[in-house]
Each structure stands twice: as C-alpha cells, then as structure tokens.
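Please read through the structure below; I'll follow up with questions.
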Amino acid sequence: MPTALVRRMLAEFLGTGLLVAAVVGSGIAAQRLSTDHGVQLFENAIVTALALPVLILVFGPVSGGHFNPVVSLADWALGRRRREGLSGRELAPYVIAQVSGAIPGALLANAMFDQHGVLSVHRRSGWHLWLGEVVATAGLLLVIFALARTGNTRQTPWAVGAYIGAAYWFTSSTSFANPAVAIGRMFSNSFAGIAPGSVPGFIGAQLAGGVVGLGLMVALYPRVSEVAGDVVVPHEAVGSA
Amino acid sequence: MPTALVRRMLAEFLGTGLLVAAVVGSGIAAQRLSTDHGVQLFENAIVTALALPVLILVFGPVSGGHFNPVVSLADWALGRRRREGLSGRELAPYVIAQVSGAIPGALLANAMFDQHGVLSVHRRSGWHLWLGEVVATAGLLLVIFALARTGNTRQTPWAVGAYIGAAYWFTSSTSFANPAVAIGRMFSNSFAGIAPGSVPGFIGAQLAGGVVGLGLMVALYPRVSEVAGDVVVPHEAVGSA
Amino acid sequence: MPTALVRRMLAEFLGTGLLVAAVVGSGIAAQRLSTDHGVQLFENAIVTALALPVLILVFGPVSGGHFNPVVSLADWALGRRRREGLSGRELAPYVIAQVSGAIPGALLANAMFDQHGVLSVHRRSGWHLWLGEVVATAGLLLVIFALARTGNTRQTPWAVGAYIGAAYWFTSSTSFANPAVAIGRMFSNSFAGIAPGSVPGFIGAQLAGGVVGLGLMVALYPRVSEVAGDVVVPHEAVGSA
Amino acid sequence: MPTALVRRMLAEFLGTGLLVAAVVGSGIAAQRLSTDHGVQLFENAIVTALALPVLILVFGPVSGGHFNPVVSLADWALGRRRREGLSGRELAPYVIAQVSGAIPGALLANAMFDQHGVLSVHRRSGWHLWLGEVVATAGLLLVIFALARTGNTRQTPWAVGAYIGAAYWFTSSTSFANPAVAIGRMFSNSFAGIAPGSVPGFIGAQLAGGVVGLGLMVALYPRVSEVAGDVVVPHEAVGSA
C-alpha cells in the first residue's frame, strides 16, 4: 500500500474518530450539566457545528475530509466514469478507516468523562426518523458536491458544520447522516448513543438519502462529475508532499 | 420553457421548501424539547441562521437564491430599465416555484416529526407586528442589494443568515420577511406557524417593507440598479452550464 | 453640504439607529420570553454579534461604518496630521448623525414591541462598571485599528461583532463602548436600558477607554496613522459614486 | 533587547492577559446570571470562541498570537533545525510575557466584576481530566500547525476559536490546553478557576498533549517544519515596521 494512501487512511481514521469523540463527549457533558432537553441538544449541536469545520480544515488537505462512507461512496460513484475522485481501490480503505476510527472515538469520549457502561440502549426507529435521515443525508451531499462544483470549497468546512448543526434540529433523527458515526455512537451510553438494533435502519435510510442527494445534484448541476476529486475539499497535492 | 429556467425554478422550489422545513422542523423540535419560550425561539433562530446560508450556497449559483417573492420582485423592479436581473417573463415562474416549494417544505417537517394537525391557529396581527415585518423586510433588501452593489457577494450567504437570525429577535414579528415562507408556515401546527387569516396582513407589511428597503437602497447607493443580476448571489453562469 | 457627506450622514444615522434598535429590541424580547437572567443576556449578546457585522457590511462602504463617536473621534485624532481619515469638518456631522440616529432607533424598538414607558430607570454606576467600559472601549479601538493597519478589513465586520458579543459577557458593564448607543439606550424601559443619570459616567469611561486604546495601538503598530482612512472599513470610493 | 522583540512581548502579554480576562470575566458573569450549570459553561465557551479569534487578529500580526507556552515551545522545537519560527533566544521572553500577562488578566476580570477572594479552591485532578487535557492540547497543535502548513492561516483565528469553544465541551477538563492560562486561572475564585495544587497536573498533561500533537502532525504533514515561522499566524513583517 503506498505511503500516501496510508496517510490518507490515517487522516480519515483520526478525523472520523475525533468527530465521534466531539459528538459523544459533548453529549455526555450536556446530559450531566443541563436539565432542559432542548438545551442539551443545542449544546451538542453547536459543539458539532464548531468542531466539524476544524476537523475538515485539519485533515481535509490530506484525505479530502470525508469522514463518512456515504460521502466516499458518492464520490466514487460520481467520478468513476471520468476517473475523477476516489478510485475503486481506494473506496474500501477509506470506509475501513472511517469505521475503525469511529469506535475508538466513542471510547475516547467515554474515557475522558469516566463514563461506564459502553453499549447504548437508546432505540431510534420508525418511519419518521428514517425520513429524517434520508433528508439529512441528501442535504449533506448537496452541500458538499454543490460547493465543490461551484468552486466554493474554501467555504465547505464552515458550510458543512453549519448544515449539520442546523440538521440536528430540523430533522427528527438529529441528523446522524453518516454510517460510520452511527456505528461509533453505538458505543456511548448517553443521549448521543444509538442502540445497536437501530443502526441498520439508520444506515439504510442514509444510503437512500445518498441516492436522493446525488439525483438532485445531477438535476441541478449536470457537470458535477468533473469535480469529484475536490470532495469534500481539495486534497493530496499537499498531503502526499 | 428553456431547460435553464426549469433548473432555476427547481432550485427556487427546493431552496424555499428546505428553508421552510428548517424553520418549521426546528420550531417543532424546540417546542417539544425546551420549556423556556426564549430558549425555544433562540434555538429556532440559530438553526435558521445556520441553514439559510447553506441553502444560498447550494442553490444560489443556479437561481440566485432568492427563495422570496419580495426579493424577486425587487430584483425585477430595480433591473428592468437596464434589463439587468430578473426579466418580466421570469418573475412569475420564480414566485410560483417559491410558493409551491414552501408548502411541501412545511409538510415535510410535519412528516419528519410525525406531527398531526396541519393548519396553524397561531394568530399574528396588530400594527406593531406589521411594523416589525416592514422593518424586517426593508432590512433584508438592504443586506442583499448593498452587498451585491459593493461586490461583497461572497459574504452574502452568511450576512443574510446572520441578519435573519438577529431579526427573529429584534423585530416583534420574529421576522418572516418573506410571503412564500408565510404561506408555507400556515401549514404548521407549532409555535412557528401562522394562522391563515394573519397571512394577508403579513404579506402586505412585507411588500411595504420592500418599498421602504428599495427607497433607502437608492438613497444610499444610487447606482444599485446595475447589479440586479447578482442578487442574492451571482448565478446562471454555472447553473446553465 | 456636499451630497456625498449627506449620504455618509444618512448611513451613520441609519446604522447607529438600527444598531440601537437591534440591541433594545432583542433586549425587550429576551426579557419577555426568558426567565434566566444569563439566558436573557446571552440572547441579547448573540443577536448583537449577528446584527452588527451586517450593519457594517451594509452601511460601511458609504460612511466607514463608525456608528460610534469614540471611533470617529479616534479616527480624526489619528489621521489629522497626515490628513487621512475623518477631517475636522466631518467630525461634528458624523457625531450628530450617530446620536440623532440612536434615539429613534430605541423608539422604533419600543414601537415594534408595543412597549410603553420610555425613559429607563436602570442605574448603572460604580468604579467597577466604569472600568468595564474603559476595557470595552479600548478593546474595540484595538480591533478596528489593528485590522485596518494589517490589511484585514474584510474580516473587520465579523471581528467587531464577535468582539462586542464577547464583551457583553467579559466586562461587567455589558460593554456599551459607544456614547451614541448609551444615549439611545436611555430611551428603553427594559433591561437593555440605562438611566439618564448614569450616562455621563459611562461616556466619561468610554472616552478614557478611547485614549487607552489609541495608546496601546500606537505602541503595537507605530505606523497606524497611515490607515485612518480605512476605519472601520474602506469607504467613499463606492458610496460617493 | 531589540525594539521589535519588546513589541512582540507586549503583544503576547496583552493577548494572553485579555484571553484570561475574557475566560474569567465571562465565567464570573455566567455564574452570577445563570442557574443551569450547562448554560453557564455554554456562555463561557461561546464567549471564548468569539474573543480568541479577535485577539489573534489584533495581536497575531505582531507576535504570531501564541498566547500559550506549549505553542511557543512546539514552534521552537519544530523550526529549530531549519532556523524557522521562534529562536532559542526568543522562547524564554515569549513564555515570560505569556505567564506574566495571564495573572493580571485574571485580576482585571476580578476588578471589573468587583469579585473578592482571589485564589481558586476549584480542584481539578484525576486521570480522566488529564486525558482531556492531553486531547485538548494535541488537537490545538494540530489545528494551528495544519492550517499553517496548508496555507490556510487566514482561517486560523476562527478555526482556533471554534476548536476551543467545542473543546470546552468534548473534553472533560473543559480544555485549558494552555499552561499560562492555567496559571492565570488560579487567581479566580469562580467556576472558571483552578486550585493551585491542580495546576502542575494540568501543565504536565498539556506538555504530553503537545508531544502527541506534534507527533501526529509530522505523521500527517512531513514537511511541517518549513512553516514554523507562520505559527499561529504570519507576523513580524507588519509588527516590526
């Protein structure tokens, strides 16, 4: 495996892990410190909106800052004809790095907060929640690919953070929108957790949302496939140097 | 109808719809999760301030990102002599797309939150609220046209979001400032809703605010009509390609 | 009086007035909707942090976006030797526009919220509050002049908003930092108001803070006087055209 | 001592002092005004996230805006082979300026809020808190050095502010991540304080976090040492002129 790919996997591993640590850690803190459920979710959402852009700025120049199997999959699907974006050989390493980063990310949050009891019992299922995940994931892809297509990638980190912070609230599912993060959040016995049995439904909805998002993207921006290499942000040039 | 205009209508339809979904969805979540009315409004306002810039960044390069009949009307009125901005033939399709996006946007939020009972009974009328809408809409036009006129359109999405987030609070009407959004919000049985009977008064005040805003704009920036084509953000060049 | 100066005075009048309307309006809303005093102040502070950058972006290209007699005075004082910045003849019109905008700004907020009883009875005095105003005003000048001096004026609107939002909290006086705003806030019978008898003390502290701020500025950036013409943001080139 | 170094020390002294004043001042205000512990911490975190970028923008062009001995140490360590960044002779003056600024910064906050009783009795120790400080400090170095390495220093002030605001919540230690600030916060008898006996443990964890952060940085960006001169933001060119 070439050094550059190892470095990109390290970036995806760390980025996804620290994203989950930020979500779970702030979830634990919110639950311990605040009583109003809305205030707890607001604290959780704003912390994520602040942390996610920084993670994209730090790790994005190495790997693109996907941190999300749906994003990697969409990038590969869009770019494969023109051989732009993620290649078929890179897709699996990306997803493996993301998922294997998400789990220790949750455990790190548990350790920092001395939180015992690992597996979540927080059930999240039902058609309205899955609809929420479809909307959340479709929207996320629109944000990422539209900004790449319109040459706005300098604004992408902040736009993605703002989007996720808002989507915590305007979707009923609090917008996981990310299979790796859903898997990581199984390992948190807090209000940010998700029971293992609820994860497949969420991942299914996220994949469906990915298809919807790509469809809308192609309708709005027919030439989107040309910019698959710049998703989430332009990368490699610096990272491999 | 040319393909490019259809695509622009799609962008206005989706942008307005998702804006209403964000406002109504976060309104429902706030009402369910928080008890303090100020905290509810704050959650609603910040979510809107985060979501609106992202929607402008995503859909603006296609259609300009108006999402608002008053903005489209003002753009047409300002630019018609110089044949800049929205033409007379495009005005109606824009407004139709906006209004017909706003309604399913509210219904999508209701569906995501499994919210029953559609029509709002939340009455909003009185001179002080209408004054709030006049101020809110005049201010919105000042933000959009001043930034276009001074070549600051890269900051427009964030400025519009910040403005609306603040105007939720400093106007008594919580700053609808948008007839399409007012119509959409009739279909929400939450604190973000507006009773159908209160909508005409709001729309009248918004149109009056539009006139005030354009008047101030011309006083401050006499050459504003030259930039009608760049409202809310520059578009078409990318969208039609 | 030349047209350009009239237009600049209009920009200072509207900018200062809308700033006071945003502060007072959100103060009234916060007091009515929230019970926790910290939450009220937080709502008030964040709204100001969002509104102020937008006002600078809208009116700044015409007048510089001072909205504050201490800023105008400092700009004149720094630039007078090199004949940069505000001239002696422009200083009085700026201050008059600011003060005469602040008062109707407060009255507009009262009218929007149907708030009766105009004059504030909120006493604010004592050495520790005046120390707060000295720190707040000195810091504000450092932000404005340092960003002008280092060619960062594109970030000035957001930096000024962030600074004031933070200074609401880290100074004991909630950071008025502006004589015109202090005068305007006399006309608000809400927690954002200030009793007329407390205004002279605040203005004295603000002027002292202005001297401290300019002194620190010269120590850090000896060549600051060259950029007086770009305070708060570059202007006139567009506004007078 | 050359004038330029004195000016840089003044910038580090003022920047670190005002950072501590912002943290401690907003901590005192939060404790007095809000009852919910989460709301208090949120107010404290958002104020810091708003104030820190402004301080970097104001003082950074003179000194780099380190305000933190770990940052100065890391900059020296990374750059010493190539003679980039802070030289060995400059390291001690930087650290002295930072620590001697932090203490009066806390005292200034106490004075502004008329707060009596200076030394904190707030104990903070335990392996999970120290783990929090390791994570917080490692992350801070990643943010600063990755943005310098990828030519993104214009975004550094806002990214550092967003990071610290988030890290208040996702680390159990509320992310001091700064030995000078830890020393300053001993002098605050509020919830933002730290008992003197807990400071050595925190500083040890911060130094360990510095090593972890630099190690990850070198793994991700092998050529990072070339940009030590641009940490936190590019400086001197303006400051010394």
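To keep things simple, chains are lettered A, B, C and D as they appear, and every chain counts its residues starting from 1.
The definition used in the following text is that a contact is a pair of C-beta atoms (placed from the backbone, for glycine too) under 8 Å apart; a residue touches a chain by one contact, two chains touch by 3 or more.
Note that the structure is a prediction, hence the values are computed from the model and not measured.
Trainee: Count of steps on the shortest touching-chain route from chain A to chain C?
Mentor: The fewest steps needed to get from chain A to chain C is 2.
Trainee: Can we say the copies chain B and chain C touch using the same residue numbers, with more than half in common, or are the two sides different?
Mentor: Mostly different residues.
Trainee: Would you mind reporting the rotation angle for the C-alpha fit of chain A onto chain D, rounded to the nearest 5 degrees?
Mentor: Rotation angle between the two copies comes out at 90 degrees.
Trainee: From the C-alpha centre of chain A to that of chain B, how far is it in Å?
Mentor: The mean C-alpha positions of chain A and chain B differ by 29 Å.
Trainee: Using CA atom averages as chain centres, what separation in Å is found between chain B and chain D?
Mentor: For chain B versus chain D, the centre distance works out to 40 Å.
Trainee: Do you know which chain B residues sit against two or more other chains?
Mentor: Residues 36, 39, 42, 46.
Trainee: Quick one: which chain pairs are touching?
Mentor: Touch list across chains, by label: A-B, A-D, B-C, C-D.
Trainee: What residues of chain C sit close enough to touch chain B in their complex?
Mentor: Against chain B, chain C makes touches at 7, 10-11, 14, 18, 21-26, 29-30, 32-36, 39-40, 42-43, 46-48, 50-51, 53-54, 57-59, 61-62, 108-109, 111-114, 161, 238-239, 241.
Trainee: Residue numbers of chain D touching chain A in their complex, please.
Mentor: 36-39, 41-42, 46, 49, 126, 128, 131-132, 135, 139, 142-143, 146-147, 149-150, 152, 155, 159, 162-163, 165-167, 169-173, 216, 219-223
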